[in-house]
Structure formats: C-alpha cells, structure tokens
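Every chain is named by a letter (A, B, C, D and E) in the order it is written, and numbering of its residues begins at 1.
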C-alpha cells in the first residue's frame, strides 16, 4: 500500500490542512475564500483513487506526480492537491468545489467521463479551467462548457483512427471476415462499442460484426460470454474492456480453446497494462489494441521513461501515466505563459496552447473552440514478449505485427 | 407556537443567513446534507411512521432525477413542471410496488427485499435503455450566459443551497402536517400493530399506499434536484443499491419516527462521511474512510439504537406537550416525551417475524410477550 | 328484540385440525352475552371470525342482516363492530390517549374532537390520570382498561371483549362491569369471552358454552352453571364436591 | 427438612411492566405444590423467572441450597429444576425422539441418554410408538407428554409445569394429573401452575392463590378448596 | 450452438453449487435467528482474500484454504454475534440492518486498507486446466470448487441433522421459548449459527478466489445474490438454498446466452419479485427449520 501512495510518508502538512478543513466543515464556520494573485500555482487534480476505477486512477496519479517533480526541477513550481471521488461520478462536482475552495485556480481531471462532466459543472460555475487528462465521452466537449480543455481523444475518434491502422495490417492470409464485439456495459464501453458499430461496417474493411455481447461492468465471470463469442464463429474478437475483464476474457478463451485469427481491442484499455501481461504471461502475446500512446522516439519521452523506471521500477508507463504527465505539462505551459495564477489568465493561456515537444503520439497539443485537442495520435499496439509495442502506423512502428495469432495450445 | 416550532424557525433562519459568509464548497456540502435530509424525511414517512421498511429508495430518487433532467434537456420542459411530473412518477412507481407488496401481504424483511429487487431491476433497465443514455449516462448542457436560475432551476452553489433549503423546509412542514393529522396517528397505529389498528377501523391498505406514494414522490423530487445540480446522471450513481443504503442511514442515526431525526441524521452522517473520506485521503489509506464510517455507524446503533434526536430532544426540553382541554392544565403538567419521538421496541420485529413461521414459533413469540 | 348477530354453521379448520365446528347462535340486540369454555375450546377463533380477523372455512355470519364473514376488520369496525384482543395489544409507541384516539378517529377525522372524546372515555374507564403516559408503561389491568376504551372509542354497536376482566382485581372488575352496564344501557350489544364466572354471573343475560370447538350449551347464567355437560367439561366434576 | 425451593420476595416483569410484586413461596422435597390464579395473575411470569428465562428485579430463589436468581436457564436446568412451559413449546418439526434427546442435552453421557429415553418411553408408551413422528403432528395430549418427557430427560429434582391441562380434553386432563401424581411418587417434586383450580388442588398437597402478582392465599389444598373466596372466584360456586 | 447451451448449463450448475454454499450460510443465520446478515457478501470476500493470501504465501491451491477459512470465519462470526450481535436479535429490523451494514463497511474498509482496491487474481498453470468429457470442456477449477461446495453443504446438513448441537440449532429456530425452557443456551446457539453461516461464506469465498478476481468492493453483489437465492429457494430451507443456488446459477448462465449478458441479473431480480409476491415462502420454504 505505502509503495503506491508515496504521499503517505511525508504528509504531516497535508494532514494539518485536512484537520483544519474538517474542523471548518464540522463546526460550520466560514473559511475565507483563498484566491492568491501571485505566488505558486495551486492545481487540483481529481482522480478516482479508490473504488472500482482506482487502478487506472493511481497510474494517472503517478504520471502526474512524476511530471510535477520534473517541472519543479525546471523551475516551474506547482502546488498540487489530489482529490478522490471514490469512483462515484456524482462526487465529481463536490470534489471540484472543494478544490476550488482550497484555492486551486486550475483543475485537472477526472479520468472518468461522468465525473469529468460533473466536475465541469462546478468549474463552469466558478470559471476555473479544467484540463481533462483522460475521459473519452464525446459529450465532455459537446455540452457547451467554456472551461474544459481535453488532451484526450473522444472514443469515436479513437475507433476511427483504429480502423485506419487496422486496414493497414490486412494482407493475404489475414483477412478476417467476421467479428464479434465483447464490450463492458459502462459509459466508456457503450460509447466505444457504439462507435465500432457505426464505423466498422462503412469503413470498407470487409469485416461484418456478427454479434455484440455486452457484459456488466462488475462481471466476475465471463465464461458464458466467451462461449457465446466462440459459438458465433467469428474470425476476429474485438473486446472493449478494462484490465480485469481483458484478463477474464483471454483466460476463458484459453480454457475454451477459442482461437480466432486475432484479438483486437479498439480503443480498449487493458492489454497494455502490466497487470494484464503479468497475469496472462505467454497468453498475453499477439493481443492488438489501438489507443492513444506515447511516442517513444522523442527525446522527451525517453527522458520521462527513464525517470519513470527509476521512480516506479515495478510499474509500466502507459497511456494513463502518459496523459497524467501531459496534463501537468499543459498546465505548466499555460502558467508560464500566463505569468499569473488567476483562473481567467490561465484560461486565456490555455486557449493559446501550442506544445510541440510532448510525449504522447500525435501532433502538437492545441485546443480548438470546444476545448478539444484534435491532434492526438492513435497508434496500433501489439503485446509481444509480454510488452506492448507499437506496430502501426508503419512510420512509427517499433516492431512488425505478428498475425494471425498463435494458437493457445502452441505457445511456448 | 410550541418550542419545537420555534426551534425549527431559528434553525431555518440560521441556515438562510449562512450563505452570507460561507464558501461555495461549504454550501455545496450543505446542499448534499439537505438532499440527504429530504430523502430521509421521505423515507421516514414510510418507515418511521407507517412502519414499512424500504431498502430501495434509490429507485424513486433515480426516476426523479432522470425525469426532471430528460424533460428539461430534451423537451425543454421547465423543471418547475418537471418536478411535479417527477413527484407523480415516483409516487406511481411506489404505489405499484406498495400495492403489489401489500396486496399479497409481503411484510417485513420480505417487503424490504421486494423494494431492493425493484430498485435493482430498475437500475438494470435504465442501464440498457438507450433513451435515457444507458450506462453511457445522461448529461445536462452547461449553463448558458443567459441562464435565469429561477426559470431553469439551475444555478450556482448559492442558488442550489437556497433551492434545497426551501424544498427541505417545505417537505419538513408537509411531514409535520401529515404526521400530526389523523393520517399520522393512524400510520403510527399501523406501524405499532397493524391487526390491532385495523380492528380499530384503520384502513391499513389505503393508508400504507398513501405513505408509500408520498415517500416515493418526495424522494423523486430530491432526485430531481440532485440531477439538476450534478448535471450528469448514471444508472449506477442515481439508482444503485449503495444509494439506497446511504439514504436510510441518516434517518436511522437521527431517530426513526421522529420529525427532526432525518435532518439531524443528515447533519451527522453526511459530514461524517465527508470527514472520514478526507481523513482517508490525507492519510493516503484507501478504505480507511469505510472503516471509520462503519465503526461509527455500529457505535451509534449500539449506543443509541433509538437514534440521536430522542436523546437530544429530551435534553433540550424540546419535547411535545400534548395539547389539552381547557381546565385540565394540572393533569397535563407532566410533559412527556414527544409521542412522535419514540419508537416501539417491538414494531417491525413482529411483522418481520410472523411471516414464514410455523404456528408453534409464532405462538412462542407472542406468548413470550404476553404478560401473564 | 331482534338478533344483531347471527352465526350459522360456522366452522374453521387449520390444516386438518378443526378449531370451531358447526357453531350457530344468535346474539340479541342490546344484550350482554358471554362466551365461555375451557382454554382451546375455540372461543378466540369464533371471536376472530366475527371480527373479520379470520375467515370461516364454512358457514355464514350475519350482522344486522348483512353477511360479514370474510369482510376486512376495518370495514367491520366502520359498520359498528369493535373488539379487544385477548393478548392485550396497546400500540406501544404511542401514549394512552393516542391509542384511544385511533379508535375515536373511526368516527371523526377532527383531531380535537377525537382527543376530547378519547379523554372522556379514559375518564369513564378510570384511566384519565394516565392519559399522557406511554401505553407501554401501563400495568396489565390498565392495559385491559385501555383495550376496552380503545374499542369503545370506535363507537360500536356491537362490542366484543376477549377476557377483558382477566387479571383485574375484584374492585377493578366491578368498575369495568359498571362501565359495561352503562354502555349497554346506551344500546350497545356486548359479546364477551370470560373466565371469571363471577363476572359472567353478574352481568351476562346469555351464556354460550363452547367445548372442543362445539357449542355444547346456551342459556341464562343460572341455567348454565347447573347444566351437567358444562359442569363436566368446564368446571370439572370435582368442583362440585370439594 | 429444609425447603427444596424457596422463593423470597421475588419481583419480576417485562419491558418496563412489573408483574410480580414480591412473591414468597416454597416447595419441600418430594412435595407437589399448586399455584393457581386467573389469566394474567402472574403465574407464567413466576415460572419463567424461576426457570431462568426472565431475570428477576429483586428477591431470591434458593434451589437445593443454591442461589438461582439471575442464573440463565441452562444453569437452572443443570441444577435439576426442569421447566415444562405453557403451550408445551415443542420443536414441532423435529421428531418426538429428537425432542426428548434435546431435553437431555446437558447430560453428555450416552449411557444416561439411553437410560433416560427408556424411562420416558416406559412412562409414556405412546411416545415410544411415535418416536419417529414429527412432534407437531401429535395430538394435544401426546404433545403434553412429549413436553413432560423432554423435561424428564434432564433428570430433574423439581419439575415446574405451566398450565399442562391447557386445551386438553377432560379425559386427557385426568390422565395427565395421574401422570403428575406418578412422577411425584417417583420422587420428583412438582410445582404445578394451573388455571384449573379444582383438578390441580386435588393433586397437590398445598397451594398458593396468585392475584395481580401477589400471593393472596396460601394453605393446604383442602383449606383452599373450602375457602369461600376461592370457591366464588375460581369455581363459580 | 448445442455445445453453447450445454456448456452454459454445466457452468451454471457448477457455479450454482458455490452460490448455494454462500446462500446456505445466509439461510442458516436467518433460520435460527431471523436476522438478515447484510454483511454476508463481505464474509465471502474475507474467504477470498484468505484464499488469495495463502496462495501468495505458500502457493497452495485455494481448496487447501478451506480449513483456515472455516475456522477463521467461524471464530469471527461467533465472536461478533456473541459480543455484539446477540443484543440485536430481538431489536427491530432496521436497527439490525444498520448494525450489519456497519459491519459490512468495516470489513470492506479493512480489506481496502490491507490489500488496496485493486483486483487480485489467482493464476497458476492449473488455472487453465480443463476436463474434456464427450467433446465438452469443463473448467477444472470450477468443477473442483463445485464439488468442494457440495461436500461442505452435505457435511453441514449431516451435522445439523444428526448431531445433538445441530438439533439444538434446529430447536432454537423452531421454538425459541421451548429451547430456552430446556436450558439450551440460546446466546451460544445464536453465535454458533452466525459462526457456521460465516464459515460457509468464507469457505465459498476460498473456492471463488481462483475463479473471480478478489476485490474489496465485490461484496455487496454476493450479498444480493445470496438474498435472491435464499428467497427463491425458500428462507430457512437448506434444500431450498441448494435448489435456489443452482437455479440462479443456471438461469443467469442461460439469460446470458439468450438475452444480453449484462442484463442477466434482470432475470434474477424478476424471479425474486415473482417469488416474493406469489410464493412468499419460496420454492421449498413451506416447512420451517434449519436442518430439513
């Protein structure tokens, strides 16, 4: 536990602050609104640090903390406060309000789309900018929020990019005709599977979706789901998962000896996580996924990876930690240009954002009128030797794609 | 005016003046307290006064939240009307469940499980219903610059605070009026002993339905507010089992079957929850909040199983004096604990235990209590 | 005098066991009738069937010429049938006066009137001084009185009392008997299950004797105590020759 | 000879209601004593308090020279004070034999269990015939036998019977009182609580009349049966 | 397609047996005390963590954890009931409810504090074992779990049926007053029932550990699942719990095949509502008692 929460060791100061805050709440006194005009920038980071989403939430926090450390070394000091909404989206608003009360003039969050929108309501009311680290629901930038800046792709964009990447790897000997979609039935799963359904058939890939199987987000046992997929006889299995269900699906596929031509997760977390590759071992290999990913060819990325492996030797740098890192980069950049910690100034600076040198794949970080970064790159990843590697597009590929996948029984 | 009314007035006035010096955060936190109190009052009408245990109030809450939000967002219906429709929808569903349960004599634990079953059923339906957004959720648009809170019923923390304060005051007044009316007396009779009450001419079926409908409707209104304030709705977060449990903890801690209990309970439980969460976060220990919250909950129920309000009321002297006929002052000189602030030790238990028992067990139970 | 209540061939079975078997009797308007018999004779079951708490397996019950078996207790109460329970059931979470008010609310929905009616009744049964205590704090005799007051408060035409004298001291029983006589004088018919023979002898005009679910005798109290079957089954043979 | 059971100023009741207001009584070794009174006089409360099911509020219960007031029912049973509760309170879904065995659950020795079972079946041959039957399916009289047999399994010195004649036919009642007399002759002291005044005073040597939680009369059975107040109040004469 | 249905049936049967063990525990507690253990799912999760923890420490298969889970959970259940729970047996339901919800929160909190929120799966080479029978592939872990669950249920049943203490449990369920009158220590019996019920939950948890990834927040689902099974099968009926468990297991498996897997619980809740309204005693709940 303590290893995961480095803040535990040196946090007497925060404990004191907490004591003050809770005393204030308890006695219903009236804490004065703190909004400093100068000095360090207070940043509030909203993440699911407990509850069902805590796994990616903690990965995001690590990336964020690493960035804070690295920027501090460059002289950009950010005073970061983390707030947990316990994986309950409806808490997003209250948590955001608490951070704003504590004097944060810019917020980062909230990993989950629902919590992001909930927090955005508070940010909108207080006119405090919200930099979205991870959150793929299109609605985040479609609800008319003026304070939202999203450095992440909406799920339909990821799926559309994925189609392009997937088309590129089709070749004689690997031409799946049918696909079955297995998706988690939550906000993200529903949005993504909807996009897959809408985009695949008209993409000209020649792949017909024969079944869409949705399972509960809290499902503990996917044997029937996998049996159903197997019974569909599809050439391609397209799981849209979180990490646990990805494990369950592959484990069941092995048990049921179901060998499709490929497993490809469009916009799906899971297979690139260390938990997945550790748990599945050799069975993790050959799994394909298209998600936003870091660009390992950049010098900055190499530096970050280097620092990461020192700070968290047991963890893998992936998209959550990557976007966690970049969210701080975006904020630090805006702070430097605004030369102010006032929300309005930061907001103005964020609108002018143009960051060429960053770590995630894709073009420079900019925000359009709706606050969306349209330049996020979506590579194709494949698990090879229990590590995710970029296999597409060709110009960014680190390794050749291995297809069709090796039968379970023939894996050494 | 009785001391209770004065106390209520002072309390409301203090809350009304509070925003003059409080931060948005404190107001938002208090708004959550008000919502919890509102649901607590609604739940208490059903459980505390009419004696029907519901563990599925999230259903009414969620239906209310979705009704108001969808009407406003998709059809442009002002929440002023939406709240009315939400009340009707919540009441209608509650009536359905109540009618089914009471008609088939589903009592005690079984009735409670029936309410859970309906709530979970409702949640799963909402999760698969694309019209309401399914698990993808339903979102309200950000407020435009031209938004008029009094029309859209959406606004900043301060507006929400006052809106809920007014709603809560109204709901409290309503619950007082109903509970002090003939209906309230008859509800309590049903709660204490339904058979005996029926023998005294109390139309138990109709009155239980009334309690359930009123409770469901008020809960739906609380849900409606919660949806307008939060802006994003998910079946799991507005219809989930967890919510049903959270709802009933406050009135139980505050004192079931009392008029102030649910409010007191909300003022204890919500900050307690918030505080334990902050403590857990400050300490960086996941789950510490649950541990603290759970221990405190058990401690409260072990120390004060009747809840906090009866205890406080006795100490503050805020107990009800039963009105008396002129010329009988002497007799009524003894102030007694407010008749609405005490709960029979046995109610609920008896009804829960009768179903599914062989005659011998039932007989054992009853004669156990008989005083020979 | 006409019959206010008529039972015809009333039978109640519980999974093979016959609790009441083919019982028929009439109760005269304005009379006090006592239902006696050993424990387990079926008195309380008969009572429950008249009061709507139990449905007869066979037979019919008529009240003022209307068939009432199977009718819900609250409707019967509205029609003027009130009962007490053998195991006293005060509404524990309420005060004494509130208990009585529940009954009084059967006649009026005005709380003030109901309260004053309830107070009057409590005075009448001698519980006036305890009106504002919690019902759960009453002693057994007081609970019995409270039961009676609750039933009376509903404004019954037929008042059914299940062992209301049991456990009362003679003086208390006398007081209840006075109340009952007064109630009867107002035209209320009374049916009571009673064990205390002194009471039965003193106030009942008619006695109905049940044994093993069957009606074995009926008549005036003085006739009943000398009835051989009654003596044999109920009073005990040895009782006659101590 | 000192009393086997002596009760001194016993007070007891339920949740806030006092039922017994200071009871004094005693049962000598080998004696049969009846406690009579109307419904609600406090008879069952007395038995339950003696049996350890209710905690007394005050007073003492001296049984076999040991203070029992406040002891739980298992200690009371162990001491040899058996309780045949009102309404029999059998385990209706268990077989007759299981009911009996449970009565002897405090004796862990197998041999004693077998011996006691044989003894009960000797006294009540009908139960031997019906040992496998569910107790709830028996007739009222047979159930009362099971209840007494169950109490016998604990090898009691004193047996308290609470309204054993309740709901039984006159013939059954007669049989029952015969059995009670037989048990007494076998050396078990009996404390009999009854509404059936005539029968119970006939079988007992002495009696107490309970009214409103107080002993209002005490004396030999003959004296009580001859007492005018008893005759008027309880015998309807 | 046939293979799919037969596979679903077998799957449902096997997991249903483990569900039945969970429900049996809940049922035993309810049968004896008429108390609904809202912390039952949490007790299952304790068993899961015990299974996981022992596997991590020793590499033993979770079935080997069963004795530890039985003893550990029994002690916990017994102690809790003896010191805290017994005072609540005669209290109103809502008060009991808060007590057990409090306990549930404490257990979940302790789990989260010790193990963190992340799911923890047991996976070894054996996780992928299957038995091939007539062209069907039967998951070995699942089969072992189901067999172990059946054995435990049978043992419990035999204990309740044949031991004197088991009969005393039954007696207390049947007639509390009668039990007290003959000197059965009901405080001990109640604690015993809670201990046995908890032990059932814990053993089921140990069996589930290799099947489901262990997580603190899983618990409430198990509680709800156990409720459904118990109500459908019949409260206070042991065969009812077995039947209910298998029925719910199979029904969910088939619902997943026939309708949407994510909506499969809809079926269970629908079943629950129908049974509650039309057959409030459950399918086999006509008779009363803990052992028959």
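Criterion: a contact is a pair of C-beta atoms (placed from the backbone, for glycine too) under 8 Å apart; a residue touches a chain by one contact, two chains touch by 3 or more.
None of the values given here were measured: they were computed from a predicted structure.
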Count of contact steps on the shortest path from chain B to chain C: 1
Comparison of B-E and C-D by number of C-beta pairs in contact, larger one: B-E
Rounded Å distance between chain A and chain C, as computed from the means of their C-alpha atoms: 75
Approximate Å spacing (C-alpha centroids) for the pair chain A, chain E: 37
Whole-Å separation of chain centres (CA-atom averages), chain B against chain D: 50
Whole-Å gap separating chain A and chain B, where each centre is the average of the chain's CA atoms: 38
Residues of chain D touching at least two other chains: 15, 17, 19, 39-41, 89-93
Chain B, residues touching no fewer than two other chains: 127-128, 285-287, 289, 343, 345-347, 358-361, 364, 367, 369-371
In chain A, residues with contacts to at least two other chains: 1, 50, 54, 185
Of all residues in chain E, those that touch chain A in their complex: 1, 3-4, 7-8, 11, 15, 112-114, 116-119, 121, 123, 127-128, 130, 137, 139, 211-213, 215, 217-218, 221, 253, 256-257, 260-262, 264-265
Chain E-touching residues of chain D, taken from the complex the two chains share: 51-53, 72-78, 82-85, 88-94, 98-99, 101-103, 105-106, 150-151, 154
In the complex, chain B residues that touch chain C: 180-182, 185-186, 188-189, 191-193, 195-204, 257, 322-323, 325, 328, 331-332, 334, 336-337, 339, 342-347, 359, 366-367, 369-371
Footprint of chain B on chain A - complex, ascending: 1-2, 5, 7-8, 11, 14-15, 17-18, 21-22, 24-26, 28, 30-33, 49-50, 54, 82-84, 86, 88-90, 92-94, 97-98, 100-102, 113-114, 117-118, 120-122, 124-126, 137, 139, 143-146, 185-187, 189-191, 194, 217
Interface residues, chain B side, partner chain E - complex: 47, 53, 55, 100-101, 104-106, 108-110, 112-114, 116-118, 120-121, 124-125, 127-128, 241-242, 245, 248-249, 252-253, 256, 285-298, 300-302, 305, 343, 345-349, 352-353, 355-358, 360-361, 364-365, 367-368
